């Protein structure tokens, strides 16, 4: 049996050997043929006119590991018999050294960004402050011609991204508005804010829970602490918890992110301290459940059905689970106050909860609940920014109607 | 019975357990829910461990240590110790006497978020939206677009008026705010109506699973 | 120290993240990447905290023989079994298909999740029934818009074309306008919140002792 | 308590029961729903129809198993239409839970039509960070994907010899269940001017209509209805057939229709009850 095996192996390897050598031989033949064909073609066809004015310079607005190559298109690009197919960009660290291919762009393009890696260990590393030379090779069906070698250029990083000026202006304008009105508010000027039904219901909802002797459930949403909606929810929680401390109503906060849990604990502890009831604070009421969307919902639904909280707050970032929570809560007979900046979930909150804070109202809620002049000041600043946006809307529409392109360019943001 | 069949049965039974909740809370649902919460928390922990903890912290520190022992150089990877340190501060929450130290880590995260989102929101929710609303109010020979554009600009304008907090919604201002709410309501209705199809698709998918894959009643 | 320093950290980190947005320089980019990595590392340690929190809650329930303590036991079993099979026997491979860990995920987690998700089909119907009452003009607008959109799936004969035109109109015009206004408002609100946090005006979330 | 009052305080479980019964009954006794084909779905179909054999179409398939019910039928119908017209396909997946599923679709359909991997289609596989990946693909597919899903270097695949970037594909169809679509629109279309159409879940459709208006996408297949419209067109074109059980979305359209009618009826009944009881109070 074993002999037979080795016999077969020998036959097989012999066969394989013959096959491989045949294959290799054929490959070489073919390659030679191809080369000959190319040489033949070379002698027949004229190479396309080379690109001219090749200029290399540092690529703007970057970390200093990229160069920009610009050239004038080959005279044959788009015209002439030699239809240009592509441009190859070649680079070298000396004008007469070996050039390596860095990239390829189709005909008609006259710029290429040679972007390298910033890690030294990366094969594609492009060192800053080192001179490089470029040439551009124009290709047309197997034949090509090269441009002159460019003058040296080196990459360096920039201190300011010029494409983001619009954002910088927005930051400055917005901060100015906010700071001006904070100062005004500090001086004691009384600021009007219009009533919001959702906010006015908060006191009533907490009061109801106290009367019924049942807990309050506060859901911070599915967001993690790196979302601003979650942070806005912390600021609201801070006010709500202070009230529950005063009313001595327990507040349950199951969380779906451990960092959110930690911040929520700090928030509620601080609120109880401020209300003068540090002993009533129960850390075990603020706990982590799970980070997975629907498992979290299943857990919270269980709490709602079994603990029957008198009031449910849903404030923060919510996704598809919004309706699952809100319907179960309404089934359990709780008063529900919701708010999110996810527009797709607002209809479900509107349908299934008693009060909904829509978008920006969620962010305004802490100022409403706290009524501190400084916070009301930022609210006023926000409104002024909004007024400015509205002015831009009208001006923009007029500019677009009468084709003032410059106005559009004001809002250009480059990344 | 192969593993897949066992899996199918487990899946089918647990699905029924979840569905039973719509009738009322019951032990069957409670069991499925508890299992769900436990398994998902465990899953998330394991994913965090392999996908974040190891590559982001341990691998970098091991690299730093290797460079130190092999080349005798202090390599930049040691900065990950700082991240690890902030993480350990988090764990100090377990000890009430030093728990306040974890606030440094929390502050680190909250501050980072605030700074990062500041520009992000101004850019994507501010500038880009304004830019998108810059529409020509008169499109030559295209009545549809002309009317559409005018309505969009007016609607956005009125919608923003609705969100004004520091001015009473009275008179012309209040009227505009009201128009803004109408626009919001049309959108909310549309979003609701649109979602129905997706939710029904989910239910159809589950029914398929129950009666098709699991029980084999329908093909 | 306990309170001032964290607020300083918030302001400092906030300013750094704000400034680096405008500076493409490599040093800033690297620092930015580190900061993001560190937040992830903090998240990993926090995960331990979360696990501790969940476990103590469940264990307390079991110990006290609180109502439903048996279910807590189920959750604990699920949790630790997953962690065990996920971390102990395999190296990183436990996240690949075919391991016991992934099988458990696929045969327990996925079906429950899908079932939970599909409950929405029932809830959306009941929400529509109970909440869509033409009480006010606003509520009427909302429900009419929802009905128009839903009707696109209903064969209406010659009316289908008109309905489709309405659906298109709602989605491209009022929908667009409302979303723009909504997003602009959210943008300003979020920015204001970020600013309040960075300036330390809003600090209720950071302990007080 | 009269009839209307009872109707107003109806236990919500009756609603659940009605929905459940309607779904099951329609599944058992299906009927053919007359379909209104939306122009935005038709334009995708017509575009694929206009391609000639040998031309390359790119499909970005970015969804997880959760939304399979809505999006899988689109992937199948388009792939079948392309393969039976001898159009070459370039596929990629930018959703982390999707790559295996996409492989399943393309491998199955390729087998049905006897198409060869590497010659008739190329599956690039998965890369994280959709934004960066799409930007890089605009430069050259080889930057994010030096190798295809099966580990073969792109340069050694016959089909890829003439394909560098988006300029070499006739159009891109992005079938997506998440935010990746925005990157396709902003980068593939916005930056590299690629012709783009999308197929999205029902929930997402409303968000992407405006892009149709602005011309950034040339077609949109929305949710299960869009998928069944596409199947209808593909069946008429003779690319898929009911006998082979290839009309998946269309099969559940009767259920969609009946449930939508039921929900609309619920709203109407609720309002009738509301107005009848309001008068009394």
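Letters A, B, C and D mark the chains as written, and numbering starts fresh at 1 in each.
The working rule: a residue touches a chain if its C-beta (ideal position, glycine included) is under 8 Å from a C-beta of that chain, and two chains touch if they have at least 3 such contacts.
Keep in mind that what you see is a predicted model, and the values were worked out from it rather than measured.
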Note to self: Counting C-beta pairs in contact, which two chains come out on top?
What the structure shows: B-C
Margin query: With centres defined by CA atoms only, which chain is the most remote from chain C?
Written below: D
Checklist line | Rounded Å distance between chain A and chain C, as computed from the means of their C-alpha atoms | finding: 15
Notebook entry, point to check: How many Å are there between the centre of chain B and the centre of chain D, using C-alpha atoms for each centre?
Noted result: 22
Next item on the list: Starting from the mean Cα coordinates of chain A and chain B, work out the distance between those two points in Å.
Entry: 13
Next item on the list: Spell out, as numbers or ranges, the residues of chain C touching 2 or more other chains.
Entry: 18, 21, 39, 42-43, 46-51, 54, 68, 109-110, 112-114, 116-117, 119-122, 124, 126, 128, 130, 132, 142-143, 146-147, 150, 153, 171-172, 175-176, 179, 182-186, 188, 190-191, 193-195, 197, 205-207, 209
Notebook entry, point to check: When you check chain B against every other chain, which residues touch at least two of them?
Noted result: 18, 21-22, 30, 32-33, 36-37, 39-41, 43-44, 90, 93, 103, 106, 109-110, 112-114, 116-119, 121-122, 126, 130, 133, 148, 153, 156-157, 160, 163, 184, 187-192, 194-197, 200, 202-203, 205
Check: For chain D, which residues are shared contacts with two or more other chains?
Finding: 12, 16, 19, 23, 203, 205-207, 213, 225, 256, 259-260, 263
Checklist line | chain B-facing residues of chain D, complex | finding: 13, 16, 19, 23-24, 27-28, 67-70, 201-203, 205-206, 213, 223-225, 252, 255-256, 259-260, 263
Notebook entry, point to check: Which chain C residues qualify as touching chain A in the complex?
Noted result: 18, 21-27, 29-30, 39, 42-43, 46-51, 53-54, 56-57, 60, 67-68, 109, 112-113, 116-117, 119-120, 123-124, 126-128, 130-132, 142, 146, 179, 182-186, 188-197, 201-202, 204-209
Next item on the list: Within their complex, state which residues of chain B touch chain C.
Entry: 3, 6-8, 10-12, 14-15, 17-19, 21-22, 30-54, 56-57, 79-80, 82-84, 86-88, 90-91, 93-94, 100, 103-119, 121-122, 124-126, 129-130, 132-133, 148, 151-160, 162-163, 180-190, 192-197, 199-200, 202-203, 205-206, 209
Note to self: Taking the touch rule as given, give the residues of chain A at its contact with chain C in the complex, in rising order.
What the structure shows: 61-65, 118, 128, 157-161, 164, 167-168, 171, 174-175, 178, 182, 224, 226, 228-229, 231-232, 234-235, 237-239, 255, 257-259, 261-263, 266-267, 269-271, 273-274, 284, 287-295, 297-298, 306, 320, 323-324, 326-327, 341, 343, 347-348, 350-352, 358-364, 366, 374-375, 378-379, 381-382, 385-386, 389
Check: Quick one: in the complex, what on chain D touches chain A?
Finding: 12, 139-140, 164, 167, 203, 207
